[in-house]
Structures are given as C-alpha cells and as structure tokens.
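There's a structure below that I have some questions on.
Chain lettering (A, B, C and D) follows the sequence in which the chains are written, and residue indices restart at 1 in each chain.
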Amino acid sequence: MYAITLVIQCPDKKGIIADVTSFVYAHKGNIQYIDQYVDRENGAFFMRLEAELNEDNCSYDAFINAFQSGPATAFNMDWSHQPLDYKPRMAVFVSKYDHCLYDLLGRYKSGELAVEIPFILSNHADLAHVAKAFEIPFYHIPVTANTKTKATEEQLAMLEQHQIDFIVLARYMQIVPPALIDKYTSNIINIHHSFLPAFPGAKPYHSAFERGVKIIGATSHYVTAELDAGPIIEQDVARVLHSHKVAQLVAKGRDLEKIVLANAVKHHIAKKVLVYGNKTVVFI
Amino acid sequence: MYAITLVIQCPDKKGIIADVTSFVYAHKGNIQYIDQYVDRENGAFFMRLEAELNEDNCSYDAFINAFQSGPATAFNMDWSHQPLDYKPRMAVFVSKYDHCLYDLLGRYKSGELAVEIPFILSNHADLAHVAKAFEIPFYHIPVTANTKTKATEEQLAMLEQHQIDFIVLARYMQIVPPALIDKYTSNIINIHHSFLPAFPGAKPYHSAFERGVKIIGATSHYVTAELDAGPIIEQDVARVLHSHKVAQLVAKGRDLEKIVLANAVKHHIAKKVLVYGNKTVVFI
Amino acid sequence: MYAITLVIQCPDKKGIIADVTSFVYAHKGNIQYIDQYVDRENGAFFMRLEAELNEDNCSYDAFINAFQSGPATAFNMDWSHQPLDYKPRMAVFVSKYDHCLYDLLGRYKSGELAVEIPFILSNHADLAHVAKAFEIPFYHIPVTANTKTKATEEQLAMLEQHQIDFIVLARYMQIVPPALIDKYTSNIINIHHSFLPAFPGAKPYHSAFERGVKIIGATSHYVTAELDAGPIIEQDVARVLHSHKVAQLVAKGRDLEKIVLANAVKHHIAKKVLVYGNKTVVFI
Amino acid sequence: MYAITLVIQCPDKKGIIADVTSFVYAHKGNIQYIDQYVDRENGAFFMRLEAELNEDNCSYDAFINAFQSGPATAFNMDWSHQPLDYKPRMAVFVSKYDHCLYDLLGRYKSGELAVEIPFILSNHADLAHVAKAFEIPFYHIPVTANTKTKATEEQLAMLEQHQIDFIVLARYMQIVPPALIDKYTSNIINIHHSFLPAFPGAKPYHSAFERGVKIIGATSHYVTAELDAGPIIEQDVARVLHSHKVAQLVAKGRDLEKIVLANAVKHHIAKKVLVYGNKTVVFI
C-alpha cells in the first residue's frame, strides 16, 4: 500500500474530474480526499487529490507514467505528484531576528512539521547558537556589495548539494538574488511583517504606527522578482490600541509572523498551495 | 440549460467519486463545483456537487430518476437535490427581540438571501410593526400552558399551507414542540446567544459575566429534542473586557447573533450543511 | 444629580491628573470613570472622565465655567464637555447601498444608538422607502457637476437648521465638499470598504480580489480633505478563500462595514474618540 | 529617578483618584500611566498607576511608607507595589509537552519576557534537554501517589530557596497541591486547552471534536482549589473545520495555548491583572 498526492492545473473542460477519478478507480486506487476549484473567469481548473494504491496492482512509477500518458496529456495538465509521506527538504535562511527560527525549530522538534532541515543559512553569525541548540548545521555566508555574486554561487551550491526542495526566509533581511528565485520559483516562502499590500518595504511597524491603524498583520508569500509582491499564501492580523508603542507593535507582530509563516510552510509541505498568475489557491 | 445541486451521504466505499462524476459526464453534464469529505473513523462519505446540464440531453426529472436507480442505489445513498436557483421558503419565528429580525429582513430586501419569506410568526404581537415595514405577513399565535397544543396545530397548519421548507428561530423564546421538530428535522435553525457548549440555557450573557470570560460567542444550530444540544452549524466570538457590564455583553452579543444566524441561514439555503450524528459537515 | 463627560487634550505636564481629579472632588463630584493616555514622544496628554455632580453644590454651567478658568487655563487645555445623557443629533448621508442604513436604523430603533436622527439625506431617491419604513424624514439633494455648489449650500442649510452634531456617511458615494469638512471637522464619519491603507479608492473589493489577499477589511475614519486618509477610528477584518468571487467578497465586506461603522458611531457618540494629528486615541 | 507601579483595590468611595494622584504630585512624582475601574454593583474600586519619582525628593521606601499611612489607610486599600524595572522570578512547571516551554523560553531569550527563570521543574525527565539547550537548571521531581507529600515539600523548598514570585504551569499535567496554591495564591498561572467553561477536564480537544464545535479555544487562569475554575486572565480562539481530525485540533490548539499563556504571563509580570472574587480586572 502506498499513498500519493496529485496536484493538477489545466484549462477548464468538461469531464476532467470524471476522467481523473475514473483513472484512479481503474487502477484500483481509493481516493481519500479531493479538493477542486474552477476559476471561471479565467477558465482554469485546479485539483488536489490524495489516493491510496496497492503496489501489487500498480507501482508508484507505473501509476505516474500511466497518468502522464492518460489524463495529463488529454487535458494538457500542469501537474505534480509526491508520496503522501514524503518529507520535503527545507532550508532556512535567517539574519538576526530569532523568533521565527525558534518557532520553526520548536515545531520541527515536536514533529509538527513533516520536513527534513539539512541546514540553516545566514548572512550573519548571530544565530549560530540557536542552530547549535537544535543540533542543525549552520552556515554563515556573508553578503556584501562585493561578495554578492560569490555568495549567490555558494548558496546555490549548498542548496543543490543538500537537494533542497524549498527555502523558508525566516526574517532573512536580504533581497533574494534572481538566480535563486528562478531556480526555486514558487518554492521560496517569505514572511512579511505587515498586512500586504499595506506597508510594503522595510519598516512596516513604524509605518503602521504612523498611520494609526487599529489592526496590524503579517503576510506569507512566495518570493518573486518584485519585492513583497509575490503570491500570498497566508495572512493574519491582530488588534492594536492607540497606547501601543512601536515596540509593542513589533512584539505583537512577532507572534503573527511566527504563526503565519508556520501555517504557510505547513500548507506548502502538504502541497496544498497552487500558484497561478500572481495568486494562490490554498486547499485548507 | 439548468443547474442542479446534489447532496450525498453514504457509507464510504472505493469508487464513489468516480462513479458519480462519470454519471454526470455520461449525461453530458458539467461539474461546476465539488466538495467531498470522508469521516474515516465512522466510514462515512459526504459529497456536494453542482452540475450544469442541458434539457435537450436529459431533463431534470430524467436525471434525478437515473441517478436514483444508478449511483444512489449502488452506494446506498442518503441524498437530495435542488435546482441551483431554487429559492427555499423560509418561515421566521420571533418573540420580542428585533435585532435578528431586522438583520434577516434587511438582507432579504438587499437580495442577499435567496429565499421566499411567506410569513413571520410570533407568540407576541410586539414585532408586527417590523413585519409591516418590510411588507411581510405577520401572524400572532400566543403560546400559553393552556393553548400549547392548539398553538402547535396552528403552527403546523400554517407551515404546511405555505409550503415552508425551513424555519428560522430569530430569538424565538419558546421551546419548539416535538411535533415541529419531527416534521422539520434538520430544518429548524436556532441562534443561541453563547459559545455552546458553554453557558446553555436562558441567560448566557449573565453567566458569562459571572464567570468573567474574556470572550463571548454565539452559536447557530439545528433544533433537536434536547435543548441547545443540536448539531452546530456556525459559531463566532468577540472579545470583551472586564469593564463591560452585562448590558454591553448583550449589545456585543447581538452583533454576533445576527452574523452567525445569517451565515448559518446562507449555508442552509445553499445546501452546504450536511447533518450526521449530532455534528455537521459544512462545505464553505 | 447630573453626570458629565469631560474630554481633554493638552501638552503633557506634571500634575494634570491630580489637578483635574482634585478639582472634581473639590466641587463635591464623584469620578465614575477615568481614561488617560500620554503620547510621550509628542508630549501630548489625553484624558476622558465621567463624573457625577449635584446641582445643589454646583450647577452644570458653574462647573464648566470654573473648569475653564481653573485647570483648563492652567494646563492650556483643548477640551470639551457633554452631559452624559445627551443624545447627539446625527445626520445620515446615503446613496444607493442600503445595508449600512438598515443596520444603523435597526440599532437606532432598538435603542442601541443614543442619538437623534433628524433626517437622512441622499443624492439619489432610491432609499426613500427605507427612511419611510423607519419614519425618518428623507431629503433628496441631487449632486451633479452643475448643481454642486447649490447642493453644498442646501446641505449646509439643512445641517444648520436641524442643529446636527455629526454626520455619518453610510456608503455615501460622493466626495464631501470642503465647506462641510471645514465646518464638521472630526465630525464626519465615513466607512471605507477596505483595510486602509490597503486598497484606497473606489473599488477596493475588486483590488483585493486581484491581489489575492486572504483577509479583507473595513475601516471607519473621519473625513479630511485628503480622500480615504483621515484619522482611523475603527477597523475589522474577515477571512476570505480563493474560491470567493468578487460578489462574495462584497457580501462578506458588507457585514464588516455595518459593524465597523456602528462601532465607530458608538465610540463617537460617547466622546471616546480623540483626534490628534492624523491619528485617534480611542478609549474603549 | 525611579519608577514605581502601584496596584490598588478598595471599597469605592468619593475622592480616591483625587487623593492618590494628589499624593503622588505632593511627593513631586509624575504619573505616567493610570488605569482605573469601578465595579459599581459590588462597590469595588481598582487602580493601577505608574509614576516616576526622584530619589532626592523621596526615596522608594519613604514613598511606600507614606502611601501606606496616607491613602492606603484612609481608603482601606488592598495594595501592592513594584519597581517598574523589577524582573519577577518565575518558575516553570512542565510534564512532557514541550510546545509551551519552547515558546516561553524563546520569548525569554529574545528579551520579550521581563523575568528571571531560576529553574524549570518537572514530574518527568523528558524535557531536560530543552532546559539544557536554553541553559536553565532543570529539576526532576517525580510525583506518584506515594511520593506526593514529599514531592510537595521539595517543590515548596525549591520555590522558597530560589525566591520565586510566581509559577507558570506550561502544560503541567498534575493537580497542584493545596499547600502550593495557598502559598502562591493568584501567582500560579495555568493554561487550559479549551475555551473554559466549555470542556473542562483532561481531554478537551476530544470533547470539542465530539461536540462538533466550529471554534476551539485556550484559557489561561490562576489556579485555585477547584479544578479549571480559577479567575480567567486571557482567552483566545481559532476556527476549525469539520475536516479537522483530533490531531489537527490539537495542533491548532497548541498555537493558541502558546500565545494565550505568553500573554497572560506578560500581563502578570506587568502587574496588570487584579483578582477579585473569581474574576480578574486586566488593564491592557
């Protein structure tokens, strides 16, 4: 017995669901869970399904090959698959803020995040001790105007060597170089400390304070070439009072950042996030 | 062209989704939206789907009959159907509180609720003026210890005469008689002014105040024989402060009641609520 | 016995609270409630207090005069006062959307809003029937490029004639003319259908849909010369899903708008909102 | 210069605020922040104030003594004081769940919690490694039916020896013995993994699942003799879906527990929580 997750995007057409579900049934599989969405205006179809199959009837590879030459070709699908129990390999990039790192690693150790974390990478040495406390390798690759190209090459080499599936920027205070964005499209998750599109940029809590908003937020999104403008995965908000100083907004915000980032990572791991255009479908 | 909503419950088995979706496809229908859930522990399967069909290929009645003798029989389904544009006939029961009534009727007039409201019924005459302002017939059926049986009969007669599909208790401060509950099982929606199961009974805001909770709630549920214990459809909460007096809890609570009840009614109208055991599946 | 609300702003200095509270005590008053806030960065002091006094010891007018020549002068206060049971006179401006109007009037009739509503004013005739149902005078003053100046004059005349204290724009789809803003500074409350500063302008739900946000909001603010940029009084948010179409965002948003606007109006009525710079202190 | 926090409860009477604020002013102090609340029904007055004073004018001890013989005696106050920069000494009790512990220690290391943590105590050895990673002493005091009395004595001795001010039960799965409750009344903070008073007892997530609630919660409260019935400090909630299994409720709940407990601890540290009867006043 094995379980598989299929994630599908294609132009909307009659009969896709019938075809896919019949295909699974014909291979003696059992659909455990199906999520489906159609964007009518854009004629786009999205589906995620989990199915259980039996090695004796059809191996994983045979199933994948048959699906590719069957429904995937018939409906011109952009699709991917993953064993349900696969643990993606996640790299964590940090700078000096430790709260998101503590939070992710605490969840990792508790078994809440079904990932491998081969390493933590930083442009500063400050958080090496956190990595050490959690017994995860820590690499310090400084990034300056002069070393930028070399740093990018080192980063790419490390990501490749460790077969990283996706990257989490846990308050990594650096612009991600295009070479990484290209290679890990829809696989670099950032946490922005505001309710985007309000207050993009470097100091959102100060901007929120200046504007006198009554609610602050945090936004997790995939990194794209345009800063803070990638597809949004998850957002959350918290109420603030006039009496909150910037420092208190920051403290409140940290809790939001941790939870929003952790939820985005969980959705990503489970392949529940489908990117199209600059938006996401999130099957929660 | 016509559109249909199918809602299905049955024992979980391999191939249900494939069978149903293939059935729709074979009748030249197009599935617009599918929601599905399996309760593995109880081996129970739930599905709601919206499909578009063509009169020329298959009439509504022909489709229904074929589905009954096809998948419905094969998988032992408990199922129902409704034209997507059907406007259920909703009776509103009230007593003296007007906020939920104003809210429902405001939404109704705005076109937000896809229902017909043949009448408003009350055990008191107080809210006749509201019904009049919104030009909806209002019937006053007093309920006392002596008139209870007669009142129940009158209510049943009115509900039948007006072909009522479901009843909304918009703060109707009376126990609903078993005869109504039996006839309109899973079709009587109540709003309870607390976060059930906390503070059941008549004065939840006073109890919440006494206990010093920091959050109050409202719960919409189907009415069953046991008071305040029926399947929960929707809940929401709001933060309160130590400085809030009971009257302020009541005022805050009224807003919750309005929104929670309206959302429950909307889900019910769209046939998105499936009852099983004492719980609900809500496909939102 | 009478009760009074005092609202004070002044430069921060030692001893203000002691002076004010001693003043009340010296006039045999009893402070029922005190709220205080200091913005240290700007050296600004804010206070709101409710006190009970006795006509026999000190009349309302005598108290006010003594306060003016006493603490108010000593600390260079910008202050105002109001009998605790005063019902401000509120004008409601609307266009064609009825949900906020229904909501405000429902609350008004329920006794939830301690105001008088001398009239409803609109640039369209569409909602006359709502005003009629609630038995409130309705005036239709069309606003076109040509009639703008005359319309403003008529509006000002009506506001003056009815001794209006503050104006609520319940989805009034017109730019408020400077003459009104000047005359009713910090007394015109608008509801904007987004989480400002995200998505200012005319079609925020469409913008939110385009950007793919996971949360939408509503913002109530005082109207200033700059569009959608006045001091924020209240905000709230609701979660949305990828499957929500613009129409559903709009429906969800309407509930937010109603509640956010109603809360802002309640805070304003109770003189709990203090404006300074482009921000507010809200003593909730 | 020094800053002091005063927290006061007393029977409500005319002139308390005037008297206290004048007292501070007479000692050349400057009130930075004042919070006040009166429970009229019970005639109870509550106040918290922060003031800045000058050693040259009045030492901390002199101020305290003068306040005791002055306002505190005059109004029969139950009061306490603390230097604004005092870091209370907090003991953490845990069993086997690590998420609240990781969260508290992460915040502590980030400087978010202004406390000293002299030790972590557990009835199991499981979490010793967490304590070690954060370099905090860990004591393992097993509690069995036989060793209960001895364990209590050891706990009391440790608490005394380390001059502990308050105890946080970070998912400590043991009944706290009466001897500790008596000695640390209103100084033992528990996190209960439900929205009390719904689902008290040992397995609230299972009960919530059974009841089919649409929202789950967490409650932080002071420990009293009656289980799960002490004064509530903080609560929060999260939405759940029918598709969430118990394990997912547990995971969602862990995030609530962390945040609710951390907020309760922060309020307690800042002396913002006043207990009266079985309720709290929380000046946030």
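Everything that follows uses one rule, which is that a contact is a pair of C-beta atoms (placed from the backbone, for glycine too) under 8 Å apart; a residue touches a chain by one contact, two chains touch by 3 or more.
Just so it is clear, the structure is predicted and the values come from calculations on it, not from any experiment.
Q: Report which of B-D and A-D is connected by more C-beta pairs in contact.
A: Of B-D and A-D, it is B-D that has more C-beta pairs in contact.
Q: For the copies subunit A and subunit B, give the interface type as same if over half of its residue numbers appear on both sides, and as different if under half do.
A: same
Q: With chain centres defined as C-alpha means, what is the inter-centre distance between subunit A and subunit D in Å?
A: Centre-to-centre distance between subunit A and subunit D: 36 Å.
Q: As a quick test, compute the distance in whole Å between the mean CA positions of subunit B and subunit D.
A: 42
Q: Give me the residues of subunit C that touch two or more other chains.
A: Residues 37, 241, 284 of subunit C each touch two or more of the other chains.
Q: Using the touch definition from the top, list the residues of subunit A that touch subunit C in their complex.
A: Subunit A reaches subunit C through residues 37, 195-199, 211-215, 217, 231-237, 241-243, 278-282, 284.
Q: Contact residues on subunit B for subunit C in the complex?
A: Per the stated touch rule, the residues are 98-99, 102-103, 106-107, 109-110, 112, 133-134, 241, 251, 254-255, 259, 262, 284.
Q: Given the complex with subunit D, which residues does subunit C contribute to the contact?
A: Touching subunit D from subunit C are residues 14-15, 17-19, 21-22, 24-25, 28, 30-34, 36-38, 239.
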